[in-house]
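Quick one: structure below, then a few questions.
Chain lettering (A, B and C) follows the sequence in which the chains are written, and residue indices restart at 1 in each chain.
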Amino acid sequence: MSRLAVSNLAASLGGNRVLKDIALDVGPGEFVGLIGPNGAGKSTLLRACLGLVPSSGDILIDGQDLRRMAPQDLARHVSYVAQDRDIAWPITVEALVDLGRQPHRGAFARPTEGDRAAVEAALERMDIIALRARRATDLSGGEKARVLIARALAQQAGLLLADEPVAGLDPAHQLALMQVFRDLARHGTSVVASMHDLGLAARWCDRLVLLEGGRIVADGPPATVLTADLLRRVYGIEAYVTETGGGLVVQPTRLAQTKNEQQN
Amino acid sequence: MTETARYRLLIAVLAMVVALLFVLSLTVGPAEVAPLQGLSALFADDDSLIGLVMREIRLPRAILGLMIGATLGLSGAALQGYLRNPLAEPGLIGVSASASLGAVIAIYTGLSALMPLALPLMALAGALCAVLVVRLMAGADARPLSVILAGVAVSTFAGAMTSLALNLSPNPFAAMEIMFWMLGSLTDRSMIHVWLAAPFMVFGWLMLASLGRALDALTLGHETAASMGVDMRRVQRLAVIGTAASVGAATAVAGAIGFVGLIVPHLLRPLVGARPSRLLLASALGGATLLLAADILVRVVAPGRDLKLGVLTAVVGAPFFLVLVLRARRQMA
Amino acid sequence: MISGWCRRFLVAGLLWAASPAGISAAETPRRVVSMNVCTDQMAMLLADKGQLYSVSYLAADASTSALADDAKRYVLNHGLAEEIFLMKPDLVIAGTYTTRTTVDLLKRLGFVVEEFAPEVSIAEVRTNLRRMGKILGRQQRADALVAAMDAEIARLQAMNLSEVELALYYANGFTFGSGTLVADIVGIAGLENLAERLGISGTGKLSLEALVLARPDLIAVDASPDRGPALARQTFDHPAFRAISAGHRSVQLDSRYTICGGPFTLIAAGILQQAAMTLGGVKPDMGKR
């Protein structure tokens, strides 16, 4: 059964149709990269899959209708890392990561061994054990990003939706995070992450979904999505695309000539 | 010491301080009653004059001081968590002023004389309007500044309408009573007031107290909180009605007392590891501490002058507010 | 310099327009406007027919004025300079606490303004009555009123009451200690004033607690319901107050008799004396008779 099955999905924000006719199926253990230019609808698609924006069409999470799921039940199936990294209060990193255990706990229940283990695992996986006692608001942007992902990992949902998780991370931490997502996928968690770095997307994702103007224009293995032709049409760029032993390498080189320029 | 152990210690200490101040509040008053004699008269089943003073004047005053302080502290902590805004507070966002307006309308039209429940209900309605307006104005991102600006507008409007209502009253004393409604006092309240306000306050407390987990989750923003299983519509309902009920009832019997909801959560936040859920109980106790202490102080510092509580809380609170604004400005820069 | 000159010029112009009859303090005033509830009542008692033109609106309010019905025969003013100006009075009577800016403006405009300080004793009531009589050219009437007052005072003082302690407990816990007209009245009525025992001088606060513990024999309140609701009234519903004022131990003393000094002030003394005499049957001692 698919983790996420979307069909006929449409959504409007402020009167504008931002998603049209979306059909998407994510199976267990898949690492899907969501790509597309700014304003293509990537964030909205992720948020629609959490029920955060009003939408029409069908969204099934582990076979259940999203709109009929109780909020806490939904949170046990899907976790989310928002693009916004604003943390309102100076709570400790450990307390922040522990928030991910909320959906698994009763209203006034104390943390169980399982909760503690999940928090430890998440801290370790994101390499932030050393930060555990620090105030989350005092961290650098990159540290905050890792802490917030650890929070989502502690939620231990089968599906992880991440909005621009690598934005603002240095190359080493970008690669480390991609490795984390890969490992999660290998252990059966499905990951859908929106990203702008086509190189990372090409090398690490099982599958890429390319959005343009609220529609899916391509969906498949990186090599079939990241063609020079599609990149030129959708992004308006020329890119160097080549298959190497280590995987697909994509490097944007320059802006594509517009039609006007071609005519001249 | 772990954070949890420190939290428990803090709660225990605060609870003891509240108990101590409660007893102290019973022993302070314009009439000279020896403390021990007074306290024993409280429990003696006779109709002595001292017993009358203790049971009918000082006891309700102490109870209201405790309950209203707890209400202001708790609602301040809850509003800050809910709006993700360290400047939010029932006084500053206009809830108290609007509750005053509701109470003033109930009293000076004679409605509350016909139906006593009209007093807390009208105050609640006033408070409800203010919370809804501020919530609406603040928008989804609830930027600190827009919340405060909306609060200024609401407060000013409610204050003006309150003085209009008092000016229009045929009773010559009504106009002087604007001081009570804007600055608050516990002087010569009775058990009647306690019974009128307490149920609403307790009802509001229960609603606000149930917000703990949701407020923790809201640390990471509305969308992340929603993704963690927090039902945002339920949270909105609880926060709005809980604040309106508890602050409305408190204001109906004691007037608008400012800044308690701002100072208390702010002082206690570092002591509870900044966790919004833990801040709730701590701020309730802290608010009770502050208001009981302030109410003792007004009786000791200026006996016979009926100093208003809001004067004391503003003297401490206003500089506090300015410091917080400075800090917020530095963060934005 | 220029502004001063200008002002004088303006004032002169206005004066000319305002007072066709000319102003002369020496003559008996024929068109008098009073702006203060206390001077209103004295003027109403003393003025000749048609001499008094206008009194303040408070004079017609039964909760503040003992002569509210009389006041309805006069034009009511609200103490606004513009309003007084248009009435073209040849004499304005004001209280020293009447809106200062209005009085100053009227004086600048050249109106004759006589000011009266509020009376803090019966002796001052006599003085003010005589002064008012002189100003209005009605000395005889004033002397007659003073004589009647003195006779009434003598009658009240002849009553020999045993010690009855009275607490004056007004809205918001205000009471009247030594050096107030009300305290003077309490003395004339032959009662002990709790405020004086507690060392309160002037108008002061009497806390509910202190009132309960002092256990006065009689409590004078103004709890008349016709003034509309206010917090001030709630004190009289306080359980502790109810407990100590139960039975005949509280007496309604309308503020209209005590706000201003005048012959009517003695009505208040009579009310207090009556209440003291009906207390519990044992307390009052009708003297040697």
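Criterion: contacts are C-beta pairs under 8 Å (C-beta built on N, C-alpha and C of every residue); 3 or more make two chains touch, one makes a residue touch a chain.
In this text the structure is predicted, and so the values were computed from the model without any measurement.
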(request) Sort the chain contact graph into one of these: line, ring, star, complete or other. (result) line
(message) Can you identify the chain nearest the overall CA centroid, using each chain's own CA centroid?
(response) B
(request) With centres defined as the mean of C-alpha atoms, identify the chain lying farthest from chain C. (result) A
(message) With centres defined as the mean C-alpha position, give me the chain A-chain B separation in Å.
(response) 43
(request) List the centre-to-centre spacing of chain B and chain C in whole Å, with centres computed as mean CA coordinates. (result) 42
(message) For chain A versus chain C, what separation do you get between their C-alpha means, in angstrom?
(response) 82
(request) Would you please write down the residue numbers of chain B that are in contact with two or more other chains? (result) none
(request) Would you give the residues of chain C that are in contact with at least 2 other chains, written as numbers and ranges? (result) none
(request) Please give the residue numbers of chain C that touch chain B in the complex, ascending. (result) 63-64, 171-173, 204-205, 207-210, 212-213, 215, 227-233, 235, 237-240, 243-244
(message) For a test of understanding, state which residues of chain A touch chain B in their complex under the given definition.
(response) 47, 50-52, 70-76, 78-82, 84, 86-92, 95-96, 99-100, 102-103, 107, 135, 148, 151, 155
(request) Give every residue of chain B touching chain C within the complex, in rising order. (result) 29-33, 47, 49-50, 52-53, 56-58, 107-110, 112-113, 169-174, 176-177, 180, 187-188, 190-192, 304-306
(request) Could you please specify the touching residues of chain B with respect to chain A in the complex? (result) 3, 81, 84, 210, 213, 216-221, 223-224, 226-231, 269-270, 273-276
